[in-house]
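Alright, structures below, take your time with them.
One chain, chain A, appears in both complexes that follow, with chain B as partner in the first and chain C in the second.
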Partner chain A sequence: MVDAAAPSSAPTASSTRDLVTADGTPLKVALARATRLSKLRAFLLVAPLLLFILVSFIFPIVQMLWRSIDNPEVTDAIPRTAALLEDWNGEDLPSEQVYAALIEEISADGMRQEIGRMGARLNYEDGGFRSLINKTQRGAGEISESPIQYAMIGFDEAWEKQDTWAELDALAESPGFAAAFPATAEKLRAWETGNSPFAEKTPGADVYETLFEELSGSGNSTDIAQVVSLLGGTDNPIADLIQRTAANAAEIKDRPLRFALGGVDKDWNDTATWKVIKAVSPPVTMSYYLNALDRTYDANGNIVMQPEWKQIYVDLFLKTIYVSLGVTLCCIVLAYPIAHLLAILPAKHSNLLLILVLLPFWTSLLVRTTSWIVLLQSQGVVNDVLFFLGIVTDESRLQLIYNMTGTVIAMTHILLPFMVLPLYSVMKTISPSYLRAARSLGANPLVAFVRVYVPQTVPGIGAGSILVFILAIGYYITPALVGGQDGQLISNFIAYHMQRSLNWGMAAALGTVLLAGVLAMYWLYDRLVGIDNMKLG
Partner chain B sequence: MAIPVYAGPLERVWYYLYRFICGCIFLFLILPILVIIPLSFNAEPYFTFTPEMLSFDSAGYSMRWYQDMVNNEQWLHALKNSFIIGICSTLLATTLGTVAALGLSRAELPYKGLIMGLLLSPMIVPLIITAAAMFFFYSAPFGISEIALAKTYLGVILAHAALGTPFVVITVTATLVGFDRNLIRAANNMGADNVTTFFKVIMPLILPGVISGALFAFVTSFDEVVVVLFMAGFEQRTIPRQMWSGIREQISPTILAVATLLVLISTILLATMEILRRRSDRLRGIKN
Partner chain C sequence: MKTLLKSVSMAALGFAMLGTAGTASAETLTIVSWGGAYTKSQVEAYHKPWIAKTGDTINSEDYNGGLAEVRAQVEAGNVTWDLVDFELSDAVRGCDEGILEILPINELPAGDDGTPAVEDFISGTLHECSVGEIVWSTVYAYDTTKLSSAPTTIADFFNLQDFPGKRGMRKTPKANLEMALMADGVPADEVYETLSTQAGVERAFAKLDTIKDETIWWEAGAQPPQLLADGEVVMTTAYNGRLFNAIVTEGKPFEIVWDGQVWDIDLWAIPKGAPNKDRAWEFIKFATDTTRLADQSNYISYGPVRKSSFAKVTPEMQPHMPTAPDNFKNPLQNDFEFWADYGDELNERFNAWLAS
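So, the complex of A and B:
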């Protein structure tokens, strides 16, 4: 636009010969503007629909696919623990700091929902996690109030037993015990046991702490020996308990929370538990995809096969592919003869027969599925006819529905028009003179058909096959209604994870794998046929 | 194609055998749809032909399942829903799709392949994925749960409109392939503005394509169950959704009466399509 004024003011050798429009604009510029405007106009026409599809379709799909790698549950629920675990070497148990962070975060009020979600998320990795998290959530509050008490219980659950404390309480009266552990003896004497059913079975946290203090105090080996002998030697389990606690006192004192959480569940003393939490901590995960391929991370972060009983998805994908191939093959076998007949009959007759193909095409999917249930069930029309003909007896009625047979029959019927129509449109263009030429050159009818006619129909077979295969591989309704147990395909598992198990990450991962397959097939279809050449009806 | 006079005996046998095979395949296609029609008049609550029906005894037939359908609040409500959702989503899809097809048929449009791919994607993506995605999206669009459209009529209509647009785009672009753009220039030349040109010149010529696209969009919505299953509430149950629970929960022959009604509707739609196709071919000068 800037050069618009140029020709008159500063004519040069080349610009004088430039063509200009009536208002003096160089033709080049005017043309560029016109092209730009018409491009814009064309785009503005497309824009409303494009915007609508982008917002209400593409965006939701991308958002759902994101769920297959989105992994916020652990970092939402226990952010500090997750951050601390990042620096953990993975060989020894995590530091006391990690245990403290976990105890604090897991017992926090107002985070119940997040903790619940984390439990569910961890449970996908290992079946015991939901109960472990619930148990720990209940126990963590008490631990943070009196860590030493729960560390002792965690060291040996005998410290939680009434018998242990009853015996020590009885001993508290003796001068020997009082001499060895004066403070404990005093606290124990003040402790009301009694015979009332409401009396405490174990003393309060302060008694635990006092006893622990005296057990771990320096130069106490003689005191401990004295108490052990008072209890009648190391054969007495309580004497043994005291001795062992004293021997490990330094370690317990060092890491009370480790022992305490170990007391809630010994899984917390297992590095494998922490490894799983660490593995699930990153905000993005591949574990749903690994799961969708029957693989998983082992405790060391290597990718390994799932245990045998959990390996279902690869088989399921293969089954879906086999069924789709089977249905496609059935469709080719059934569609080829009738498409050929439609193509060679005069239009008057073929239009009539075409209605027989188009009516099922236009009829509701649910109606067609209902008819197949009615036809194929064991008291249905097909079995009744077979029974009437004496082919089956009343006991041996064929099980034709609620299994794979039913799925394949119903899907073949539903998808057959999608094979017939492309085949028909290709066959209609094949001139009969090629066949006549082959015959006149000496080929017998079969050779002429196989070597001259069939090769010309290959584009139709290809287009129809891809179309049927794509539709079959994502099928949901028919397998869900007539598939029974073994007729379920990948779509049905996506629906299962969406609606029943609520494992949305898994549903998204399975969906992404399916979508990738379908898009690859469409790319092929587009290359072979051209997506805008798709024939409808 | 009649059998040629020079055909040998083997060819003769094959000629009839081939027609017999084709007949069987056509029966396979059409019989399952036809068989439910007489069964819907069954006097007994069975899904098979009773001896009375086979002997054409009038006692074996009745209208009881049709009465049942007409008297059933749920079916009537579902039928109403199907039409409301179907018609609204069709109007939306047809308007957006036709305008977009006009743009797509212009040679100047940049990135045509990409845009076409995006616009046709609702037809490509397996329904179960679409349904799951729409469930998440309409439950909290852009993370804002205050404007949730799941379990509302508007949500289902928008979802169905998205599913229906590819069919409108395809049929209308196909009609525009044979469209002579000189007609637009002539109209502009004679003083018609763009709107007048659209309604007086373009629209009458592409109308068959628009209507058949609209019919496809309507059938897509009318027949759609997966999206409804995921994101519609009880209030928005459509006929296919009601049939789905009918098949899963308590299959009663009423469902056959409904199915017969739907076959009737699809026959009418098919006939309309066929008439439109012939009219369109005639207008564009294609001889059958």
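So, the complex of A and C:
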């Protein structure tokens, strides 16, 4: 609207020769204004529909595409740990700093929801992470209160046992022990008086810290040897424990949090655990797509095939495509004669037949599917008839349902109207005189039919095939009910990930791959047949 | 009797409506459960007395389990469900992911014998976000008219030589792997330990392999009694309540084998941000008291989770409870921690196994 007035203020040499309207505006401009107005009006007319499509169709699809690569769980829950892990070389265990960050972040108040989601996300990569994260969340708070205590327990869980401390406590009275570890002996005596016979199983953090201090002090090998001999030599497990703790004291002191987390679960002392966390850290991931194609990242970030027992999706995609093609083919074979008959019969008969085609179309999908169960099951109508006719014996009744056969039969029946209707509408327009002309020019009925009639129905076949194929490729209820074990299609797994495993990223990736597949098929169809040749009626 | 009950409760409802008409206390609760005979038992035992007591309106909706709907509602910030009947693994997982309300468990009423709630509920049925309701069980049943000799153990389910014929099993690894291991001679208390090793999983699948070709897989709880009745299978795993319904109410010639039953619990939980969450919590407190829990077992053969309710279960229903001493000889409790951890992985493996 703004520029509509502009050209009239600067008439050029050429435009002066142009036609102008009564008010002096060049005709071109006036025309442009008029068409722009009508275009705007047209746009406003379609705007509600456009908006509706945007909100209810385009937006969800974009959101689904986004979900298939969105990966915020780890960075939301433990941002600092994730950032620190980026610099980790992946060979040795991560630095003490990483452990400290993890302990602090995982036990932070008010982050429970984020931590829970992270556990679920990590569990998709490797089973067992959910409980690991939950366990660590419960245990991490205590660790930061007394790292040394939990480091000792993490080094050897015997430090958490009542027996260990009972024996040390008994020893605390002996002068030899008091001479070797004076501070510990004193603490133990204090613990004992305040703790009538072992109401607490293990002493407080201060006792652990004092003992550790004395175990790790320099030049204490004679003291340790003395305590070991007091305990009756290294055959005594507690003497052995003391000796080993002392020998590793420097390491424990250096990295208390590593030992402490290792005490919560030994998986934290395994680089594989950290590698998974690191791999899942980036805010955007391809791993759902890799999974959807039976591939995964190995520990070093290379793309490799999933272990054999996890390879299901590629086969399923292929199976889905084969089944959809098979159903489409069955539909063509069945629908062609029906549509032909409908097209050539006089209206009063064909209308009745058309209602017979449409009637199941108006019946609930579930009702139709369950009717097939009644018909096809091994004690069902079809088998009973075959048995009655003596074609099968009671032992050899045909398994027609809960397998691929059932899926194909039920899907073909349900999708048949989508093939009949476009075919019928195309055949209806084919004038019978073409066939008559072909016959009069010497073609026999078969040649006339194949070379004259069939080519004219191709647009109908194309339209019906595309409808049936695209509906079939996303079919879900029917395979779920009659598919049994081998009649499952990819959409059943999308539903499974939406409803059961709650792995919506995976569902989105599978859905996107399916969408891409359909678009590829569409493109192929366009190249081979030409989309302009399609007629829906 | 039923019509009498109905008219009494309708009258009570009308009375309650009159009594509370015009006051602000009546609310609408949306309560979501599993449908069928199970929801019906809840309507009889919980909804009707609650309506009579408070004058609330209750919308009873059905769902098929899982957390998908609740998660979608919470994420969209548009929660319409007030109360949901969950399986344990879902309740725990929903709590971990923060999509369920944390409940003040210590407010639950004591049992009618005075035992505090925390001790009255059998262990493992009270959680941070959920309150237990019933004990249900996956068992197997057979058609007595189709088999010449009666199977008695879980191993018989996998014994095609002595008990030929099609089997029915739920299309999920849950309970099936456990049953396979128990049938293969693993004691109930070592099942999950065995299953958490690679070799244990192989062993369970190898056992399932022996009947794979003879198995029909079901998904909805109503399917297995139907499969049995249609003669599609001679024995099938199923939920004991559904079998009870078929045997006692419909008079079908089925027999339940309780050996190797895998029992689990159902719980109430409130989605985060539920519109009437305070009222929903009041409902939970009401519905899980000693009397109500015992009353539900009159309508379906699922056991109450309160110890004080056991004694109040009517003598006719006692032998049908999963927890009845005769039935509870070799039980296995479904381990939700195990399934929360390995469920996804084993499901994938199970699906790959099915398709191969």
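Here, the second predicted complex is superposed on the first by the 408 of 537 C-alpha atoms of A that agree within 3 Å, B and C clash if a C-alpha of one lies under 4 Å from a C-alpha of the other, contacts with A are read in each partner's own complex, and residues count from 1 in each chain.
Assume a contact is a pair of C-beta atoms (placed from the backbone, for glycine too) under 8 Å apart; a residue touches a chain by one contact, two chains touch by 3 or more.
The structure displayed is predicted, hence computed values, not measured ones.
Chemist: Does chain B (first) or chain C (second) touch A:M64, or do both, or does neither?
Modeler: Only chain B is touched by A:M64; chain C is not.
Chemist: With the two structures laid over each other on chain A, which partner does A:A120 touch: chain B (first), chain C (second), both, or neither?
Modeler: So A:A120 only meets chain C here.
Chemist: Contacts for A:Q379 in the overlay, against chain B (first) and chain C (second): which applies, first, second, both or neither?
Modeler: In the superposition, A:Q379 contacts both chain B and chain C.
Chemist: Between chain B and chain C, point out the one touching more chain A residues.
Modeler: B
Chemist: Once the two structures are superposed, pull the chain A residues common to the chain B and chain C interfaces.
Modeler: Common interface on chain A, chain B vs chain C: 377, 379-380, 498-499.
Chemist: Quick check on the complex: what are the chain A residues that touch chain B?
Modeler: 35, 38-39, 41-50, 52-54, 56-61, 63-64, 67, 334, 337-338, 341, 344-347, 353, 355-360, 362-375, 377, 379-381, 384, 413, 416-417, 445, 470, 473-477, 481, 491, 494-495, 498-499, 504, 507-508, 511, 514-515, 518-519, 522, 531-532, 534, 536-537
Chemist: Spell out the part of chain B that touches chain A in their complex, as residue ranges.
Modeler: Touching chain A from chain B are residues 1, 11, 14, 18-19, 21-22, 25-26, 28-30, 32-33, 35-36, 39, 46-49, 96-97, 99-100, 102-104, 106, 108-110, 115-122, 124-130, 132-138, 158-159, 161-162, 165, 167, 169-171, 173, 212, 216, 219, 222-223, 225-226, 230, 239-240, 243-244, 247-248, 251, 255-256, 259, 262-263, 266-267, 269-270, 273-274, 277, 288.
Chemist: Using the touch definition from the top, list the residues of chain A that touch chain C in their complex.
Modeler: Counting only chain A, the residues touching chain C are 112-114, 116-117, 119-120, 123-124, 127-131, 134, 309-312, 315-316, 377-380, 402, 480, 484-486, 488, 493, 496, 498-503.
Chemist: Which stretch or stretches of chain C touch chain A in the complex?
Modeler: Within the complex, chain C touches chain A at residues 64, 66-68, 71, 93, 95-99, 171, 212, 215-217, 219, 230-232, 337, 340-349, 351-355.
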